[in-house]
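Pasting the structures in now, so scroll down.
After this come two complexes, each holding chain A, first together with chain B and then together with chain C.
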Partner chain A sequence: MRSLLPILAVVAAIIALWYGATVWLNSQWSYDQAARAGVEISFSEMVSDTMAQERPVLPAPHQVALGLWQGVAGQKITSKRSLVYHGWITFSATMLGFAIGTGLGILLAVGIVHDKAMDMSVMPWAIASQTVPILAIAPMVIVVLGGPPLNVPPLLSKAVIAAYLTFFPVVVGMVKGLRSPDGMQLDLLSTYNASRGQTFWKLRLPASMPYLFASLKVAVAAAVVGTIVAELPSGAVAGLGARLLQGSYYGQTVQIWAALFAAATLAAGLVVIIGVIERSVLARMGMAR
Partner chain B sequence: MNWLWGAILFWLAAWGFNAWLARQPVAKTRAVRLFVPALFGVTLLILWEGIVRGLNVPGVILPAPSVIWGTLKSSVPILWGDFVQTILKGALSGYLIGCGSAVLTAVMIDRSPFLQRGLLPVGNFVAALPIVGIAPILVMWFGFDWQSKAAVVVVMVFFPVLVNTVAGLAATDRMQRDLMATYSASYWQTLMKLRLPAAMPFIFNGLKIATTLALIGAIVAEFFGSPIKGMGFRISTAVGQLALDMVWAEIAVAALAGSAFYGLVATLERAATFWHPSQRGR
Partner chain C sequence: MKDTAATSPVIEAKGLGLTFQTNDGPVHALKDVNLTVEKGDFVSFIGPSGCGKTTFLRAIAALEHPTEGTLSVNGMSADAARQARAYGYVFQAAGLYPWRTIAGNIRLPLEIMGFSRAEQASRVEKVLALVDLEGFGKKFPWQLSGGMQQRASIARALAFDADILLMDEPFGALDEIVRDKLNEEVLKLWARTEKTIGFVTHSIPEAVYLSTKIVVMSPRPGRITDVIESPLPKERPLDIRDSKEFIEIAHRVREGLRAGHGDEV
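Up next, the complex of A and B:
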């Protein structure tokens, strides 16, 4: 908890900078409005005006907080204006994709560790695929899967993107983890005459857990980003990404920022939840550091 | 149907050959290490071609690789224009500005343990957030042209590079710093001769992560508004016209550009950190 004070100081500094930028970026509009109305406004009037514009260039932190609060608590959660409703749409697609991607990733990693040919042919591509901007194809996948011949529901087609982004970090991390037992440990199991399956269940899988959780944390953040980008293309009406896009079409900056913070909270919350699960699982397995 | 069976047959044969090759003693050589994944890639392409032709998959769902290749060859000027707009102007300039300012910021906050303790958790937190979401805001501020894309890229690459650089600057141990102190080296001498070189492996780790982020940022930002060129613009309009061969051609360009960008940074890394154990081993 020693670092609590510095963190609070940095956060306070960011908020202060934000307020400064709000005044600076929004002042032009205030002066223009005043000039159009034919009145002179003093500096303090200008400052108070920049904090309360309806469509500011940069909304002040309290406006965003208010927007967020109204989005979360000010509506029925089934309302189309509720951030909980949009957040749930994004969350469910993310989780579905995350589960599919994690499952497939672990399966492929097990295959790679046990089959030399698979290792040699698939692994370079799995690593190379990390350098490719996969996210760029998200809109196409949505349009193609959701289109007339296939008619995949949007939940599933968004989950495909999230699964794809989850898949590769999990594969790479799991392969590293399943390979992490050293020669001594593997030798011990072979002196016990353990079969490959026994070695897998009793040594390789437990040893891979820290690696799995490290990649799950990366993967879940990527899955949220993937789902949000997947919600951008035309046609999506629900979800935090669609909310962002609508806000940008209609110049509703407060709405954009509120959706952005909701997305950030969602991503951070998921990472924290995985961190908590990691800590308790590793503690139960006697691996906590 | 012949196409389909041919492709499946080829797949099985290639798989068998790869499995056989992996069990041979030559599997350790460099040539085989390159050949096996290459054969796997070719197999995927042939399987794709065979499935599309054999099952008569319509081009609006999945065009065959040969069709994509045809589009790629016939629309080189368009693709080159998009490449210049998105990668060279948007992604690269944003990458340089973002990484440069991140390294400078890291060096500055390195002098203050208070700031380090405060900024590192915040930086780590921000690095996990869906930062692409600020794209619509930045497009609103900086206009539709490449400047707004560069701004998105700056924000996206800043925090991963910052966090890695700060970690890298802390990577020297007491003994090494004491040695510099016995030489009566000044702060800047220690920084330039010991700590920055020692931080290089970490910095390059951040720079490599940032290459992919830069391309993603530049392309996704174009979905929110762009002039009538650029890879993100082309992808979103071509999807609207169901011209999927064009989309896949752009994706191929993006994949090539991403790998080349990453390869470039990895080469620089090898040149700059030749002394590090992870590089010496090879």
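Up next, the complex of A and C:
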């Protein structure tokens, strides 16, 4: 209860600001329409109009909520207008990319920690890869992979973009985590004459778990962003990214905002799920108190 | 038979030197160290910080590599002895894995050394009893006090039955009362297991109370200034520390430390 109150207070403040902005930004259109029709409108008429426009500059919160509700519950989930349908398309590509990126990230981290040459060579490239704007690289990847002669299915080519954003936090976190055991713990294993493999499985890997989960939370949110960006230029007709783009083509601001909130909810949900897995894994490992 | 065993020392250092190369030039951590440790000895290394006592213990464990002289452990090189798992090592901190239970931590060396599951379980029970931690096997380290954690780490070092036990200021971080109790327990353990023990400390009473042989060291360069064979009997109640012999040995250790220190303190 005590933790809920501040959250609700912030939400209320945001909604209040949002309504204020709605009136301010949409009022021009209301006055213009009234002038065109040759009528005078009062302030209260203007306010109620700004909240009910079909293509407002900024939709009011309740319009977005309604759009979201209709998108989720107002259609069959197989409908092209269903946010569940588009969300699922985005979700599946996100998960595939997240899995690929996480696997790749862990493998690279293991290599970096165990091999000096990889340590020197891979890390700079991994960092360089993230300095390239994803917005620039995504269309090229989609075109190269998606078109002939490769003809990779859209699910996979979107997943590649998601993986591209996912692997980096995983590499950074896992390198840190695998290196987290201190000298004394490594010395201890040396007194047992433990092999490198034993050191990895019995010390480095378990020690890296808290770092891995911290990275995964960052990575999964990045994977959602990567997938949505990949859905923008591909001429895709499905996915939250495509829904965003269509909304902007036709000035359907409510649709854009609804898709935006759906994407944010998806990302937040995934972060929460990873948090739950983290807590249960660390509790089982005796590392959560 | 007894004679041959007595004549082949467990640890033998001859003219041992160890120099670390640092950015500020070479540091002589050990210089011309000669020491013989017989089977069943309880040897304490005492001296101010920087005297090389920990470095010497680590050299015996092949965690540091001497740059001069020879060092043999169980008749072989220190590194061969390490590979033969000749010793158990207890560090200053318990260093238990937080993700393993106490039993799981003690099982760690057994898993690495490939003991069977049944053997692992029976050995864990045995050493838990040896350090008075019966019934704590299923607890996680953070559920135990510092003293209990250090006892668990001793159990871990004992689990695979190495003949030598090397302890690097194992009770340095514990309070006096706990330390007294653990000292008593270590003596009992030593009597029961007949291991050869190397023990680093900076506490004079601890060194005198525990040891059959006290090695006094001094810094810059790290070297041995005195080796005292203790005349105290093997059976040592805590109040032996008020006896005349005890006070005499403690005095000699203190003198040795002062002489080694020169005018610096």
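The working rule: the second predicted complex is superposed on the first by the 277 of 289 C-alpha atoms of A that agree within 3 Å, B and C clash if a C-alpha of one lies under 4 Å from a C-alpha of the other, contacts with A are read in each partner's own complex, and residues count from 1 in each chain.
Keep this in mind: a contact is a pair of C-beta atoms (placed from the backbone, for glycine too) under 8 Å apart; a residue touches a chain by one contact, two chains touch by 3 or more.
The shown structure was predicted, so the numbers you read here are calculated from the model rather than taken from an experiment.
When the shared chain is aligned, chain B comes close enough to touch A:Val271, but chain C does not.
Using the contact criterion defined above for the overlaid structures, shared-chain residue A:Leu135 touches chain B, although it does not reach chain C. In the superposed pair of complexes, A:Leu244 makes contact with chain B only, with no contact to chain C. By the touch criterion defined above, A:Arg36 lies against neither chain B nor chain C after alignment on the C-alpha atoms of chain A.
Set against each other, chain B and chain C differ in how many residues of chain A they touch, and the higher count belongs to B.
In the overlay built on the shared chain, the residue A:Lys76 is in contact with neither chain B nor chain C.
When the two complexes are overlaid on their common chain A, residue A:Val144 makes contact with chain B while staying clear of chain C.
Of the two partner chains, chain B is the only one touched by A:Leu260; chain C is not. In the superposed model, A:Met287 lies in contact with chain C only, and not with chain B. The touching residues of chain B, counted against chain A in their complex, run 15, 18-19, 21-23, 27, 32-33, 36-37, 39-41, 58, 60-62, 114-119, 121-122, 125, 128-130, 132-134, 136-137, 139-141, 211-212, 215-216, 219-220, 223-225, 231-232, 235-236, 239-240, 244, 247, 250-251, 254-255, 258-259, 261-262.
Contacts from chain A toward chain B in the complex involve residues 2-3, 5-11, 14, 25, 57, 115-117, 119-125, 128, 130-137, 139-140, 143-144, 147, 149-150, 217, 221, 224-225, 228-229, 232-234, 240-241, 244-245, 247-248, 251, 253, 256-257, 259-260, 263-264, 267-268, 271.
Those residues of chain A whose C-beta lies close enough to touch chain C in the complex are 184-185, 187-194, 198, 202-203, 206-207, 209, 285-287, 289.
Residues of chain C that touch chain A in their complex: 58, 61-63, 82-83, 85, 87-89, 91-93, 95, 97-101, 108-109, 111-113, 140-142, 160.
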